[in-house]
Amino acid sequence: MKVVLKNLTKKFPSRDRKSHTDVIAVNNFNFEIPDGRLIGLLGPSGCGKSTALNLISGLLKPTEGRIFFGDEDVTDLPPENRGIGLVFQNYALYPHLNVKQNILFPLQNLKGKDKLSKSEMLEKVIEAAKLVQIDDLMERKPRELSGGQQQRVAIARALVKRPKVLLLDEPLSNLDARLRIQTREEIRRIQQETGITTIFVTHDQEEAMSISDRIVVMKEGVIQQIGEPQEVYDSPANLFVARFLGTPPINVFEGQVQGGRLIVGEDTVMQIGGVADRQVYVGIRPEGFVMKEDGTFHCRLDRVEVMGRDISVVCTNAASVNPTVRAILSTDHKISLNAGRKEEGTYVNFSLISRKVFLFDKETEKRIYFGEKGL
Amino acid sequence: MAEKVIEQKNMTAYQKIEMTARRRKKTAAVITYILLSVWAVIVLFPFYWMVLTSVKSYSAYNAEYIPRFFTLSPTMQNYVEAFTAVPLGRYLFNTLIFTLVTTLVMLVVITLAAFAFARLEFRGKNVMFVVFLSMMMIPNELAVITNFMTVTNLDMRNSFAGLILPSVMSVFYVYLLKENFEQIPDSLYYAAKVDGTSDLRYLLRVMIPISKPTLVTITILKVIECWNSYVWPRLITDDPDYFLVSNGIQEIRENGFGRENIPAMMAAVVVISLPLILLFLVFHKKIMEGVSRGGTKG
Amino acid sequence: MMRDKTINSGLKGWIYLLPAVLFLGVFMVYPLVDVLVYSFEEGYNSASQTYFGIGSYNYAYVLRDPYFLQALKNTFLLVIITVPLSTGIALLISLGLNSIKPFRDLFQTIYFLPYVTNTLAVGMVFMILFKKTAYSDGLINLLISCFGGEGVDFIDGPYWAKMFVLCIYTIWVVMPFKILILTSALAAVDQQYYNAAKVDGTSKFRTFARITLPMISPMIFYLIITGFIGAFKAYSDVVALFGTNLNAAGMNTIVGYVYDMLYGDSGGYPSYASAAAILLFAIVFTITCINLLISKRKVYY
């Protein structure tokens, strides 16, 4: 079932009684989710992503715009008639019911011709429980389960009615780091096995990138960019997206373009074709640095963090917007750094990998494309 | 003794401090236990006396100028008397009906109201809630006068309806339950909504089971209140067929057994006190917890 | 997040609320208005339901009625004696309970027992303990004479004796609630404060005065306020000791006066009852406000 959002807008009346301006939680959303895909709705907290999810679920009614499931307009349908499954951040399991009863609960609401016999219900419950691999925990109460197990029960409960669309609201944020990785792989597996169109809300970019077919990056109710995770990472549409994706985060500098050269601080760091002279923000991914004796980009060395697979060189630069500049280098560079560490005020020289360098307009913060690739 | 003195001499200063501290602690503990026991006796003694007197025979009791603290020839005769000479069984039955019906109706009324306040949105909700809260400050005594007139005019004196109806509403319990309902996470409600659960079904299948401890507490407190209620039943009944135990016992006292039959009176007192004491012994943890969460007597 | 109200419709809420509103309206709100009206209707006749005029005569009558003045005096005496005394003893007992471990639950359970008992029923036990009859002086009088005192009939005897037994019984009745509240308040004080005080070598008394008391002061004030309200509304325990004809015994309370005016041998005067009830409410309200004002200044929170 594909999901289409057309001009979807949600305004809330302002909490502040004095100002009568509405808060626009979701501003003019237009996008299409192809059938059977997993979409990550990504943004910092308060960006309206949960509101967007609740609009799709029907728990909230949009101020403007329409929602289509397939070709059917579901905008005015109540949640129970939309054929959706919803998983909450805190799982929302009924604490007084055991696992089996929790999964059974949605089926017992069916009325009329949809009503199932007891054995049919049980069959469906077992099927859903098997899918998420909790069929051996059926008699336990939610409080007797670990966070990961509770999450599986919540997913099973959302899936038991065979929804057309599965909605997950921050499903991993209450789990510890190890379980989070395990569970997100699990969600990916279940989604691929069932082929249900899935929308996944998260503030964790790593989470979204790792399992989504496509990600939608949001800020203050406005979609910033939609695309495949790698594509968005490699080619952010604006400074916000560039900063939001990637760990460690992108390094941002103030710079300027002058006669086809990119100048950061006092260094001319790159040759740039086809960009008029202007003030810019320069974003450089940590992996975009290469240490070279004759590198054109100079930074004062602060410390070196050894991570095993690679090393992180932390330095400072007067033009940097962030307090420190972080470069990630492969371990081959170890020797040359050891020599420099002893002295105060050692400078390191980098040259830059041009596809890891992004320019953004200082005013609009929009991406300025350069070079022949034109990414 | 002599050895001990030597021991003491050999003690270091620290040991001496330790020993006096221990001795002091012990004395304090002993005094505490004595005082606590004294109060326990004061609390329990009336109960003991009531049971003791109830098993003394009428003649034996009246023959004791100096009351004895025990009896060697306990008799159940007073209990027989209590049930036969006065309609004690009737009083108990009336009280049971009154207590059960009042508590049940109240539970329904307050659960619906608490659900509306905690979960539903409607125009005038906040105003209504303020009205409810302000009613908590109004003493019952103010309402009793008009209620007495209302029930009398409606010709409901000496009827269960007249007894029960003015007693079913309790603003305080609505408040208590509403607070409890509000602690249930919103997401449970939304999860149920997505599954097509109606509000009523959500209340019955999710909220009530989760709030069971609070509902049990409220039930117990209301049962105690009903069982012991005196003022309203006294105003509204003068036909002994509708007396509750409190009025019954007062009636027994004032023109009960034809003569001052204290042992039989005490037997009646034991009988009417026993149900609640048994309830208390079974549920004492729950009752005390419930009361400390904000109940007051009566 | 779910700030808007699309999910619930307006009518549904009122339907759920309806029974409660009905009961509240008929048996609480309407009576409040009505009682005010009654209290100003002069010469109300309950048989014909007519009255002569509107005025403050009912209040004037009640305030001059010697029975009411007696009831007022009794009630004030009862309040002034029992509230501080019961709160103090309850604090002492709670401190004791808090300092022991073995038998603590047992003691607590025993202490709570009077809460669940029928005030009328146990009042009768107190009556026979204190009463002097033809055949026996009663247990308490015998104890007094054991210690060389002179026996006195506490139930039908002099005023001070009746007041004494009333106070004793009232304290006995209100104790469970106070002990329970204070023990839980004491138990809720963080042990860390005590540990800190111990390390500093603070004396027991100082610890109590400077740590324990301030920490539980809100609860003490709560008990004092509810104690005042409860004692002002004393009635059924008085009936238990002295019977229903309280005016004759000279032991009536304000609430008793209200009910006697309303119903019974001297009843049939709802206007006087209303005026007295409103006077009671005014007294309770004033004292509660004064209490709250003091507590605002004194309580440490």
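All chains are identified by letter, namely A, B and C, in their written order; residue positions are counted from 1 within each chain.
Convention: a residue touches a chain if its C-beta (ideal position, glycine included) is under 8 Å from a C-beta of that chain, and two chains touch if they have at least 3 such contacts.
This is a predicted model, so every value here is computed, not measured.
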item	value
Core chain by centroid distance, with centroids computed from Cα atoms only	B
Best-connected chain pair, where connection means C-beta pairs in contact	B-C
Farthest chain relative to subunit C (centres taken as mean CA coordinates)	A
Approximate Å spacing (C-alpha centroids) for the pair subunit A, subunit C	62
Distance between the centres, which are taken as Cα means, of subunit C and subunit B, whole angstrom	15
Distance from subunit B to subunit A - Cα centre to Cα centre, in angstrom	57
Sequence positions of subunit A contacting 2 or more other chains	54, 59
Subunit C: positions in contact with at least two other chains	2, 7
Per-residue multi-chain contacts in subunit B, two or more chains	190, 193
For the subunit C and subunit B complex, residues of the former touching the latter	2, 5, 7-14, 16-21, 23-24, 26-32, 34-35, 38, 46, 92-93, 96-97, 99-100, 103, 107-122, 124-126, 128-129, 133, 135-139, 142, 172-175, 177, 180-181, 184, 226, 229-230, 233, 235-236, 239-240, 243-244, 255, 258-259, 262-263, 270, 273-274, 277-278, 280-281, 284
Interface residues, subunit B side, partner subunit A - complex	185, 187-188, 190-197, 201, 205-206, 209-210, 212
Parts of subunit B lying in touch with subunit C, wherever the complex brings them together	28-29, 32-33, 35-36, 39-40, 42-44, 46-47, 49-50, 53, 62-67, 108-110, 112-113, 115-117, 119-125, 128, 131-132, 135, 138-139, 141-150, 165-166, 168-169, 171, 174, 186, 190, 193, 199, 224, 227-228, 230-231, 234-235, 245-246, 249-250, 253-254, 260, 262, 265-266, 269, 272-273, 276-277, 279-280, 284, 287-288, 291-292, 296-298
Residue ranges of subunit A touching subunit B (in the complex, touch as defined)	54, 57-59, 78-81, 84-86, 88-92, 94-97, 105-106, 109-110, 157, 161
